[in-house]
Each structure stands twice: as structure tokens, then as C-alpha cells.
């Protein structure tokens, strides 16, 4: 569960609310609610995104976003430990001994890799099968990220559009000046919604998806390297040093100290 | 027929209309119609696009857009099935047996590929002929997409230009203040048109064209790979696994389950 | 003569004029003329472009623009026909027989190519000589296009600058409110000029130059391929199919039908 | 210690303060302080950045920024001198003689390189070990720089957002006109904060990080080349000329003169 | 001396002045002078650029700009003539005969090249030495250009910032409406300064530096090719045609005509 995303979003909105309340108390908050503004900003953004992508892609993107944000960050060192431990066990007790352990591995990609290994498939087929999975994963994540960026581009545009609609309506039926002011306040709320959605949600989530993707791909690359090494018959210490080369030097050292 | 494009565009406009009507009823809608604003925004956009491209390209782009949006999405699994089925038939009954089936294939690119195969052309000529077709298709789609992006860039510019024209006219003959307000409302309608056309139509359709192109090219690449495989004399099961490697793992699995 | 460029530019301005006249008749047009605004917008744009490029390049760019827009679009099929026809004649009547025809070829690049062929230069020298010409042509066109994009970037900036100058002057000597309005109208005219010049002229012409360049380079590449083929001694039918591979399939087919 | 960064930032703020005081004395400065504006601009920026990156990355980026800005610029010529001097000593007195010198080297990367050399590790392992360190360093710096650019993009957006919030509140409760003016002043302070933070801090610091990274990587590359050269048994004068090839000609010449 | 840069900058400012005077005479010019606006715009721009780059780089960039703008454009044909002439002399009278001529060559890069040739250095060392010089030259020019682009980006930002500062001060102490107007005029002057500095100076000079760099690199590449050719023992006519291949066909022809 990616807690900083939630904390960041909540903190961002809270700080706006605090700033508003500092200036004019709870009453001030009422000014910032407008149903028709939500209709224009969010409705327009989703409509434009639907024209741009297919409905299927839009549905999937929310599934990806949900999964990625919920997903626990895998600790690469724990993963390397698991791989090395199972390799050692296998070298002393034979492949059959680890079948039970493999079934208990929580990372589905690593489990899939070990199962491929145990089923005696050729090395090139294992590599192709696992790398293909990464390729399609990246493709899916890239589209997910792209859609969030698209929504982050459309939402301020529709916010601005909503403000123009509000201004036109206000200017057309204007008689006394006080109405101008409050009408303009209502019109500006739409711009606020569009800018807030883009800057506190769509664009940063797109950035987070990119980072989560990079992390997940690194983990999966370590797993592929590990399975291939085992298949090649490397000894556990070689496997460990091969896999640790994927991690920054500091992390590696820290681990040795903490042992 | 790409239904989401239509739904998205209609939904986007509807939500604007709903937001306007929620605030000031049907009467409010009248404010948003201005013939001279359409003249400036759309006229200016098309004029500038005409300076940029040739008339021929402009006409063709609408043909492409229409074709691409109308076109049914090809199901790659059904296509692979067809290829594998015909290969099996040919291996048991000879090439002549499938001539009738080939004529009945709805996908013109696949039909063309099979006809090339049946006419005993060399493998390299088949590949070149079919790949050239993809190259020119991509070229045409790229220009189509580029033109929509160009129009999506020009239309808010001309919308803004129309508003400036409106402002100048209003400011010049201004005596009483109430006229300012309504004159400004009229002027702003042009900005609205330009921004709406760009954000709900030109730019998202450009995005959709890109995606449709990617889908179509993938389908065509699967077909080329299939025809080449048949020509090389691969057995049906090899052809099937070669072609399915183009699809995401999930799709492939789902298919096996649904069999 | 590239008629769409002229039509587009004229149509764009006409539509603006029509929109203005629809709202306030001929009298409205007077508002949009301001000599000092032209001085600031166009003067500033050319001055900045002169700082950016050399005077020599600026002069040449207008020559290129003029030449490119005036230039007739070459029909690639007619060109291929000419090449094939002359090759056939040469194979039956010898090289001397076509000397007169070569002198009558209107495309100077093709004529130059044939003259090189007839003067018995080595194949590599022909290729180098002709390809160098394309390289320098592209270089010149690229700078031309770049200068138009630069002007399209500077002109709205100077338009905005002129409006700020106008606003400062108006605000400083302001006593009665009616003057504000008309002063602001005058100030805004400069923004209008800058935006119009960029969006209806500089940027679309830059786009057109790019397209014209692509067309011209394609034509010249076909010619090089043709001359090299003749030099290599290919038979006319091979030359024809080699050259037609440069054209989209549809064009080739259409030609066969129209024969 | 990178003094220009501090001087630049202080000078930038001072000049603003001076300009304000020139116009309205010390009293004018009070107008530019608003706690709720800081809450919105900085709070919003950090919140959005937290959604985008992980908390861990955000903490680390400030550590990198601090380290990089504090870090003394290494003089490459002094470094080359050290390498050449130690090589000469080793060639006359043997590797053991320099052990004490190596421990005293202030640059930790160079010290690490010499220790690797003295421990008789193979040449390829030395190279891999040192180059890996550069790779991870660059990765860390790239993310640091990217985060500053992200903050420089979010901060004007939240500044603008705060101004819109201020405008809405002001317009809604507006009765007398003088309140409009002062309310608008308060609202604009938020835009000022956002723009100032972006243009005087986030974006230029991102640029500085890039430059510091380039310098550090160059230094480290010279060190790797040096250690590898020693390992290969090159004579001191060859090592010197190899390493000086990394420096601009002018620097090299100047050195020879100053000797 | 690059006269168009000076002419362009002077013409740009003159046209603004003319436009102002056309509207309100000499008195109008006084409105456009504000010391505190210069402090904010230029001071802020230099401060931010100092945070971004090192002080050393900032100083050097003005040296580069000065040198590049002052520098005479080298005529490549004259240069080729010199190279060919000296080669001919050397072939008839021996290397010693040209020592005096070499000392008199005004282009320092060509002189350096000939001196390297005369000192009998190996061909690969000559090439490396001269090409390294080009590499570092390009690096220096690239940073120079980048700094001007950076200043062209910061200056409108600080101009806008200064206007916001001016607006805040004006709005806060506002009582009578006439003060608003003149206060706003003063505030807008800062935006004008920032935009003018960017569009008439920083950005176009960055463009000019790029072009000057391209010219200088071409000249230096011709020189390297020339020296290498002489070293290889090519005959003068071959050297001439090799070097002229660097120039556009038109230039070459024109030269032949003018002979």
C-alpha cells in the first residue's frame, strides 16, 4: 500500500482547507462547492479522454492505478535471499525438496519462474516467456501513465472552459455590480477544480505510476537473472553477487552490516 | 464503428449543456450561439490548416478519420484462427481447396496475403509487397494525426483572436457600462468555441487515430508473419504459437480457457 | 503555383472581415487599422529575427519561400514515364538519339542527371554529385522553415509587447473612463496583428515549406535512382518497377487503370 | 561550498526587497508576508511532489542537494598531479611505499581506486566496481534534479491556485470597492510566492545539480582512467598525457605555464 | 564584426520608440523608464542564472558572446585558396619555403595546423589534436548558448513577477481610482522590460551564437581536412576539390565564374 500517495493527496487538500479557514472560518468553505463545476471539469475531462482512448483502456487504467498503489513494495534483498536460500537447499536435497517452498512464495513472478525451472523447460524458453511478460507489463503501465498525463492536460483546459461559460452567463444578465463579483467567484471555482485535479491528482499519479513501474521491472529483471543463473548451474555465492549488482552499492553494504 | 468516440463527444457536450441549464434553464443556452464566432474560429482554423497542408491532404484526412472511426476492430484471435484453419485445410486437401475460402475472407489485407501466397510468388517479394503497404498506411495515418494536432493548435488561437476582435469592437463604441458586459459575453463565446473544438474534438481524435493506427499495424504484422510462416512450410501449431506471441499473455490464456 | 496557400490566407482574412462586418458593418473595419501597431509587431519581429540570423539568410528565405510557393508540383508518374521512355529510345537508337530530348526536359535536376549520364562519368561520381545537391537543398529548406517558425514565435510576443506599451500609455494619462475603453481597443489591435501573422502566415507557411521540401526531395530521389539504374544497364521494365516502389500502392494502381 | 548559489539566491531576494523599499519604504514589505499563502504554495507543492515520488526519495533529494552544494569543487589538475606523483613513487620504491600516502588522500573515490589497485584485484573487476559507482551516482543525481524540476513546475501552479482561492473569497463577500483592491493584493501574494520559489530556487538549483553532477562524473572518469593506466603499467608521462586529454586545451596549457 | 546583430537590436528598439512617439511625442517616453523595474527584471534574471551556473561560467559567456559577435566571418573560399596556394609552393620549393607564409596566416587554427604539419608530427596526432580543439570549442559555445536561452526564459518570468509586486503595492494603498491607473502603468513597465530583454536580446543572441558556432566549426573542419590531405601527399587539385565539397554547389560555381 503506497501510503505517501494518500498522505500527499490528503495533506494537499488539507492545507488548502486550512488556508481558507484561517482567512474566513468554516463559512468560507461553502464558496468552494459547485456541482455544475464538477460536471464541466470532470465530465469534460472524462469525455475527452474517452474520445482519445477506448472505453476498455479507460476501465483498465483505473484497475492498474488501484493495483499499483495498493501493491506492497517488494524488498529486493529479501527476494535475493529467497532465491539464494532455495538454490542452496536444492543443491543439497535435490529439486523435489523445494517444491513445497516454491508453492509458498508470495511473489507470483518468482513462483512462476521457479515452476518453469522445475518443469525442465529449456533456458531460452524460460527467458523468452519471462521477458515477454515484462514487455507487456511495461506496455500496459506506459498506457496507464499516458492516460493520466492526458487527463492532467485536459482537466485544466475544461476548468478554464467552465470559467468562460460562467463568465458569459454572468455578463449577459448583469444589472447590478454586486452580482458580477459573486458570479465571477462561482465561475472561478471551475478553474480551481481543473487545476487542483491536474496538479494534485492526475499529473503526480502519472509520475508515481512511472516510478512504481521502474521498481517492478527491476524486481522482475533480478528474478529472471536469478532463475537463469540457477538453470546455468551457478553456485549460490555467484548468484548472490550477480543479483546484488542490480542494487546500489550503499544498499548492498547496509545489508552486510545488518546481517 | 468506434462507439466511444461518439459517446465521448456527445457526453462532453451534454455535460456542458446540463451545467448551463442547471444554472439558468433553457434560456441560458441562447447565449452560446454566435454565427460570426463560428466563422472566425472554424474558418480561421481551416484557412490556416489549408495554408499549412495541401487541399488534397485536407480532404483525405477526413476520409481517413471517417474510415478509421467507422472501421470494426479486428479480433486478432479470430484472425489467427482463420490463418491456422486455412493452413490445416491446405495441408490435407492442397492449395486449390482453399481458393474459395480465401475469396470469402473479410479482411482485405489477409485476403491479399493469401492470394500472393497462392500465386506462388517468392517469399521476399511477398514480404516486401505487404510491408510496403504497411509503410504507406502508417505514413498516411501519421499525416492524418498531424493535421488533427495542427487544427487542435490553431483552433484555440483563432478562438482567442476572435475574442480580441470582439473586445476591440466593444471597447471602441462603448458608452454605457451594461453594453460592456454583454459585449464581452459575446466576445468570450469565440474563445469557448476554439477551446471546445480543440479539447473535445481535434486533439482527442488525433489521439484516437494514433491508437487505431497502432491496432491496425499490429493486425497487419500478424498477418505478414502468418503468410510468411505458411510459405516457409511451418506446421499449424508452430504458426499458432508464433502469431500468439504478438498478443499479451492474458489474452492468450483467456482464449485457451474459453475454448 | 501553390494555390491553396493563397486561397487559405485570403479565406482566413476574409472570414475575419466578414465576421466584423456582420457585427458592425464597414465602419467596424476602421478600428482594426493602426500604423504604429504594425511598426511594433512586424518591425519587432523582423528586428529580432535579424539579430538571430544573418541579413543574408533573411533575404534568401524570402527567395526560397517565393520559389517554393510558385513552383509547379511535379507529377512523379509523368517523370517516371519520361525516364522509361528515354531509356527505351536509347536502347534502340543509342545514346546520341536522346541528346535533343534531354535538352528539352523541363525538370532541371533530371536534365542534369541525364547530362551526367551522357558525359560518361563514373557511377559513384554521378551519385555523389546528385546526392550532394539534395543535401544542400534540404539544408537550405530547413533553415528557411526554421526562420518562419522563429518569426511565428516572435510575432505574438511583439504583439503582446505592443499591447503592454499601449496600456502603459493609456493608463498614465487617463482621466475620464471612456478614454480607457478606446485606448484599450487600440492597444489590443497590436496583439491581434501579432497573433494573426503567426497563425495565418508564419507558422502555416513553415509547415508548407516542410511539405514542399519532402515532395521535392522524393522527386529528386526517384530521379537519382532512375539515372543510376540506367547507368547500371537495367532494362526499362525493371527501372519502371524500381521507381514506382517510391510511390504509394494506390497511386501506382490508379496509373495502371488509367493507361 | 558553492558560494554562487547562496550569493545568487540572496542577491535575487535582496533586489526585490530593494525595489519594493525604493518605492514605498520599509512599510511596503509588510504587504508581502502571508502565512496562508505559504501554506498553499509550499504545502501544495510538497504534497503534490509526495504523491509523485516516495517519501524516501524526497528526503534523499534534500540530502543530495545539501551535499552537492556544500561539496568543494575538486581541482582536476591537482588530482592528476597526485596520481602521477604516487605512480612515480611506486615505480621507485614499490607499492608498499605509497600505502601511507593513499590513506591520506582526501578524495574518497581516488582512495578507493588506489586501495583496489593495491589489493591486486584484476583489471576488469576494478573497472566494473568503479564504473558501477558512477552509474548509481548519476542515477541518484538524475532523480534529484528531476524532483527539483517537478517542484519548479508545481510551485507556480499552486501559486496560481492560491490566487484563485483568494479571488473567490474576496469576490464572494465583497461590498465596498476598497476591499476588492486589498483582497486582490493578498490573493496575488500567493502567485508571487509560487513564481519566486520556482524561478529563484527550484529551477536554478535543478540546473546547478546537473552541472555539479557533470563535474563530479568527469573527475571520477579521470580517476578510473588513471587507476586503469597504472594497473596496465603505463609510465608516468603517458598517464599524465592520457589524463590531461580530459581537460580543455587552455587549462592544460595554463598549467604548464604556471609550473 | 556581426553588423546585423547590432542593426537588428537598434532597429527593434527604435521602432518601439517611433511607435510611442507617433502616439504621444517625446513626453510619452518618460513613462517607460523605471529604475526599480530594471532592478527586478535584470537583477532577478542574473541572480537566478547565477544560482543555475557558476560565476566563472557567467563571466566566460559574455567573453564568448563578445568574441563571437566581433569576430570577422571567415571566407571559406579564401581559406581554401590559401591552403592550395601554400601546398603548391611547398611541392615546388620544399616545406622550408612556406615557413614565413605560415607565420603570416591570420586564422590561428589554420596556422596551428600548418605548424603541426611542419613539425613532422604523425597524421593521427595532428587529427586528434585539432579535433579535440573543435570538441572543446563546441562544448564552450553550447554552454554559452544554453545560458542565453536560460536568461531568455528567466527574464519574462521576473518581468511578470515585478508586475505582480507592483500590483500588490498599488492595490494595497489604493484610495482614489486615478492612482490605480498610473500605478498599473508603472507595474506593467517591468513586464515590458522582461519581455523585451528576452525577445530582442537573450533569445535571438542565443540563436546567433548557434549559427556562428556552426560556421566556425565548418571552417575548422575544412582546415583539418586540408592539413590531413597535405600530410597524405594529395596533389593540389585533389585537395581543392575535396575541400570545396564542404561548400554548397552554388558557392563553388560562383567562384569559378568570378575567377
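By written order: A, B, C, D and E. Residues from 1 in each chain.
Definition applied: a contact is a pair of C-beta atoms (placed from the backbone, for glycine too) under 8 Å apart; a residue touches a chain by one contact, two chains touch by 3 or more.
No experiment lies behind these values; they were computed from the predicted model shown.
Hopping across touching chains, the smallest step count from chain B to chain D is 2.
Between chain C and chain D, the least number of touching-chain steps is 2. In whole angstrom, the spacing between the mean C-alpha positions of chain B and chain E is 45.
Averaging Cα coordinates per chain places chain D and chain E 28 Å apart.
Residues of chain E in contact with at least two other chains: none.
Chain-to-chain contact here is organised cyclically: the chains close a single ring, every chain touching exactly two others. From chain A, proceeding by way of chain B and on round the ring, the chains are encountered as A, B, C, E, D.
Within the complex formed with chain D, the chain E residues making contact are 35-37, 39-40, 43-44, 46-55, 57, 132-133, 136, 139-140, 150, 154, 157-158, 160-162, 164-165, 167-169, 171-175, 180. On chain D, the positions that touch chain E within their shared complex are 2-5, 7-9, 11-12, 15-16, 18-20, 22-24, 28, 31-32, 178, 181-182, 184-185, 188-189, 191-192, 195-196, 198-201, 203-205, 207-208, 211, 245, 248-250.
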